[in-house]
Amino acid sequence: MMETLDQLFVLLKRWVVGEFPAAWRLWLSPLIDAGAIIGVFAGLFAVTTLLERKGLGRLQNRMGPNRVGPFGVLQPLADGLKMLTKEDIVPRAADRVVHFLAPIAMVTPILLAYAVLPFGRNLVAVDFDAGLLFFFAVGAGTELAVFMAGWSSRNKYSLLGAMRGIAQMISYEVPLVLSAVAVVLVAGSLSLPSIVDSQAGYHWGWLARWHVFTPWGLAGFILFLIAATAESNRSPFDLPEGESEIIAGHLIEYSGFKYALFFLGEYLGLFAVSALGITLFLGGWQAPVPFLAWVPSYLWFGAKLLGCIALFIWLRGTMPRLRTDQLMNFAWKFMLPLVLVNLVVAALWHGTAAWGFFGAGATRWLLGGAVLWLTYSALSHALFTAPGRGPRTYRYAD
Amino acid sequence: MPPLHAYLLLSAALFAIGLAGALTRRHAILVLVGIELMLNAANLNFIAFWRYGARPEALTGVLFAMFSIGIAAAEAAVGLALIIAVYRHFRTTTVNDVNELRG
Amino acid sequence: MKHTPGWGLLKGLFETARNFVGSYYQPGRLTTIEYPDERLPVQENFRNFPMLIYDGADPERGLRCVGCKICEKECPPQCIYIVLERDRSGKVQKRPRLFDIDVSVCMSCQICVEVCPFDAIKMNTEYELSTGDRFGALLLRKAELAKPNEYYRRLHPTEAAEVDARLAAAAQAKAAAQAKEQAKLTAKPAKPAWSTQP
Amino acid sequence: MRAQAGDLEMRGAFAAEPHGGGGRSAGSDAGWGAGAGHEWVRPAEPVGRLEGEWLEVAMGPHHPSTHGVFRMNVALEGERIRKLKPVFGYLHRNHEKIAEGTTYLGSMPYTDRLDYFCSLTNNWAYALAVETLAGLGVPERAEYLRVITGELTRLLNHACLVGFLLHDMGTMGTPLMYAFREREKILDLFEALTGARMMCNYLRFGGCRVDVPAGWLAGAQRVVDEFPRFLDEFENLLTTNEIVLARSQGVGVLSGALAVNAGITGPMLRASGVNYDLRKVDRYGIYDRFNFRVPLGEHGDVYDRYMVRILEMRESVKILAQALKDLPPGPILDPKSKLRGFRPRAGEAYGRIEAPKGELGFYLISDGSVRPYRYRVRPPSLINLTVLEELCLGHTVADAVIVLGSVDIVLGEVDR
Amino acid sequence: METAFYVLAAVTVAGAVAAMALPRLVHCTLCLAVAFVGLAGHFLLLGAEFVSFAQVLVYVGAVAILVVFAMLLTRSADAPPAWVVSRPGLLGVGVAVLVFGCLAATVAGSGLAGREAPPAPEVTVKALGERLMAEYVVPLEVVGLLLTAALIGAVILALEDRAKGGT
């Protein structure tokens, strides 16, 4: 019974596809996958906008939206209607074709990236052997979309935003990929379902074998999260949009449906990269404790995804924004060395697992963690502390 | 599966287009873009020959294409850096205007 | 104190989390109210736009305003417009025919109230004046401005009690003076008792 | 230091410099600074690596972080600011001329609208000037009430300023909302006392308009007692936050000498390490009775300006606690003062106080009539703004935004 | 399969032609990205999954972006549109057509032309990695070295002026 529930969507799709003549099946199967992904994640987008507004509101001691429907639950609907009915403004000087294509170029690659993510046991659209590479490859397409939007709008702010956006996305792609490489190294595969499989089982019967519970996994996850925040242009890395500096960056000349598409693309990117982080470090759809393993796998995945989204909202409500040069310094001088050290630690951890070089159990953990912590504190002290920087004491005059 | 010569013709067409662009366009960046296209045409040839070749399990074509992609990336980086350096020097990116080695 | 990098950010995250949780059960944190459904109590001293006070039941005859035009003169943005009543012979009466306040110009400074010698103009606390007609509906006429003294007492009980006592005292003094005048037949008209100090 | 007063005057905000259209000025700032025909040479900035043409951007008047309708015409090289010209006047309301046409009392509500965050201190400065002109005294209780309302104003102004500053840094308004939460409590006090939340119009020449209503002092005491807790929260959130430190330290450095030369006052001056607080210097009102200290910065950067304001709020809380404790009974208005037909004798007077934003002064000339002959405001916001270009050059757009935020301007006062 | 090939071929050639012929530089770059994506599709069709993704990652994600950046830094994005039609331009096109003719003739004349594909081999990432690490380890290292050298070289080129003493 639980087995059926777990495989519900897989069986459902198999049944639906089986009802059609064989000639159609080749096309029908991906179509159903695509439809399901678009439907589910567009729905999640709507829910997230509400959660974000509510959550930010509460973080800031406000109520958040509560006018449309009970507790404001229909707010996304109202927002969507507003977006759709707004006038679609294209600046006179804009490059109309590129301006029109940019939102599409933003959303399409991100939707493609969902194809390789396993949302549950056997619940993956395409299991590419090089799935992770596919994810990063299509993710790279969004940079071009940002440039298209920024350049075609013919606005100085949007151009500045686009330049910031491209520079930031390129810079943070390096730590993002490298922190994922550590997992690839240990799991021995680029295929996301098999990476999830590599995290199956429990240490001592209770501690899940997720990568996040290893020192390199924890460090890698944190680094991945930071890079993912930057990749998805979320605060504190929301420089490309920086509404107090360059107003909305590349989005400044977009309105109505096109703006909604960008908005959607941004959130879809956030979900995708969170889902990737969950897959790589948090055991994908696996249950955290053995006695809850009966809960359907997609529910676990959804719960973890919501947790990640909540974390992103929390960060957004707390952090100020970095500056461009600090952002670049952070990526290249801090994250890159750290992620490389993390890679080495992961390699050692994996390679020496058999002959106990790091010791066993807790000792091994502590040793690995100590190496990373020392690197972290050495790097951060070298980079971010200078005379006159840091908390100060003040003198008083009477 | 299309026959091999279809791929070869496509590759030749891409090569010719890249060549035409590199020869005719004056903008340095576009010259570089043309060269990239020609490199890509070569890559397509490698992959096609690998796929239609005698021993595809040897993966030679694939590996060659990968090396080629790596080298193309390096070439693009250096090429564009050069263009920027030239622009800074001559304040132009038109290849015809950059006709002396001394600045 | 040695500063560990990253610690400050964690402290900040903790602080926002505390506010997040706190907003659910600490009333001091969530100060917003849901406006049209619930309202903040109006403070007694609150002022919005002026109103004219009348005694008794008839807003026309009970109006305290005598049309002295002091408020019109003192009003900094000059939003008050007064035209005096004339009787049939054209003689100026001591009451206004027109008393308009353009509340789109009025800046609620209360100076008209302070300078009025007759306690005739006071501040209303009505604040829901939004309207679609910004020229007509925001020009308040005499009929809209006139409010009974009971209304004033309800809005500003402390202040109204003071004013009422003062007016009563003045009326008493006037009555006494009139009685004396009656008696002596040589008296001057009573001076209105007014004070600038509320 | 590098700049002399005269030079500063020359390149003042309205100095018409030829706008070269930002064309191909190719790296040298010939069309911008040196061409204006004066000696002063801009401090050597590292000229950018890519001497592309400058990108001219008008930040404002429609810009979310200009705190009103204000414009900064900036010339950018990449993201570095190579030239910045503040343009203001969008909110000019002819305040001074209007005041010359109305009675002394009639200007009082207009002063509320100068720095609309701090109407009570504006009232106070104006009242002080008129009292000096007319030789009016102020009863003790009224002085205490002035101190209480003035320091409450300082609390709300500084709290909101820090909120705005952090909002400019991109915190999604979280500190701003916390500041507004506290401001709400203070505004409730103001409403209960003066009848209006922002446009208080509370002071009168020779005292205050009304006495405190019942229970007000207890409410004020509660707010003052709870304020340090809010400050602790605020500091936990911000003071050691690495991003705040990185963003604000070393940015927009204002040297003490330049600050003095440019006439900067208020927390901005003190953040540059100059000990100058009118509450200590002039000891106007009854400030000599309170025990408080003046926090001083040392680097003069945005972080110091932020911290000086935080520390000043703590000192204000101390003053408030003392004032609320010592508030004597008595009248609140000088009996000599009158509302109508107020004619100070001919002469001139300058009244200044330490407003939250700096030295707020009113200069009045009376010709013996009911209207001032000359009425002039010394607006701290405007004068603090004059060094904006100085602070922003060489920094990025993002820095310019927070430097502007840390100057603490209210356009109502800048443009008057 | 055939249809997919022809569609992709059309997209690729159209993208390439547009990339070389459009007057505006930005449009050229965007069309170039389209051509690259089309080529990646061809690789996918041919069973070279890994190369296909690498193609997208490197060409769309890096080279196209680099070109865009170079354009922005050299202010070429807003350069006036420049058409190809000129006498030396026509000469170049002629040469290209000639080259294409030669190549096409050679392809048509060779015995390889009609060859059909053998059954698709399984290209796993693992197999690729093993080859790279065993047989082709020297070329791999050389490419790595080259990339490093290119990175450093590009940085030095781009930094040149400051080293020269940009005040």
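Which chain is which? They are A, B, C, D and E, in the order written, and residues in each are numbered from 1.
Rule of thumb we're sticking to: a contact is a pair of C-beta atoms (placed from the backbone, for glycine too) under 8 Å apart; a residue touches a chain by one contact, two chains touch by 3 or more.
Here the structure is a predicted model, which is why all the values come from computation and not from measurement.
Novice: Please state whether C-D or A-D has more C-beta contact pairs across its interface.
Specialist: Between the two chain pairs, A-D has more contacting C-beta pairs.
Novice: Please list the single chain whose C-alpha centre lies closest to the global protein C-alpha centre.
Specialist: Going by the distance between chain centres and the overall C-alpha centre, it is A.
Novice: Please indicate which chain is farthest from chain C, where distance is taken between mean Cα coordinates of the chains.
Specialist: B
Novice: In whole angstrom, what separates the CA-based centres of chain C and chain E?
Specialist: Chain centroid spacing, chain C to chain E, equals 78 Å.
Novice: Between chain A and chain B, what distance separates the C-alpha centroids? Give it in angstrom.
Specialist: 34
Novice: In whole angstrom, how far does the Cα centroid of chain A sit from the Cα centroid of chain C?
Specialist: It comes to 57 Å between the two C-alpha centres.
Novice: Would you kindly tell me how far, in whole Å, the mean C-alpha position of chain E lies from that of chain A?
Specialist: Centre-to-centre distance between chain A and chain E: 29 Å.
Novice: In chain E, which residues are in touch with two or more of the other chains?
Specialist: Counting only residues that touch two or more other chains, chain E contributes 50, 54, 62, 69, 73-74, 123, 158, 161.
Novice: Residues of chain A that touch two or more other chains: which are they?
Specialist: 59-62, 159, 317-319, 384, 390-391
Novice: Among the residues of chain C, which are close enough to touch at least two other chains?
Specialist: Those would be 3, 5-6, 9, 12, 15-16, 19, 29, 31.
Novice: Quick check: in the complex, which residue numbers of chain D touch chain A?
Specialist: Listed in rising order, the residues are 55-57, 63-65, 76, 79, 166-174, 177-178, 181, 237, 239-247, 249-250, 275, 277, 280, 293-299, 303-304, 307-308, 311, 396-399, 401.
Novice: Spell out the part of chain E that touches chain A in their complex, as residue ranges.
Specialist: Contacts found on chain E: 24, 26-27, 30, 33, 49-50, 53-54, 56-57, 60-62, 64-65, 68-69, 72, 77, 123-126.
Novice: Please name which positions on chain A make contact with chain C in the complex.
Specialist: 55, 58-63, 66, 314-315, 317-319, 377, 380-381, 384-385, 390-391
Novice: Where on chain A does chain E make contact in their complex?
Specialist: 95, 98, 128-130, 133-134, 136-141, 143-144, 147-148, 151, 159, 163, 166-167, 170, 173, 188-190
Novice: Contact residues on chain E for chain B in the complex?
Specialist: 1-2, 5-6, 9, 12-13, 16-17, 19-21, 25, 28-29, 32, 35-36, 39, 42-43, 46-48, 50-51, 54-55, 58-59, 62-63, 66-67, 69-71, 73-74, 76, 79, 82, 84, 86, 88-93, 95-97, 99-100, 103-104, 107-108, 112-118, 120-121, 123, 127-128, 131-132, 136, 139-140, 143, 146-147, 149-151, 153-155, 157-158, 160-161
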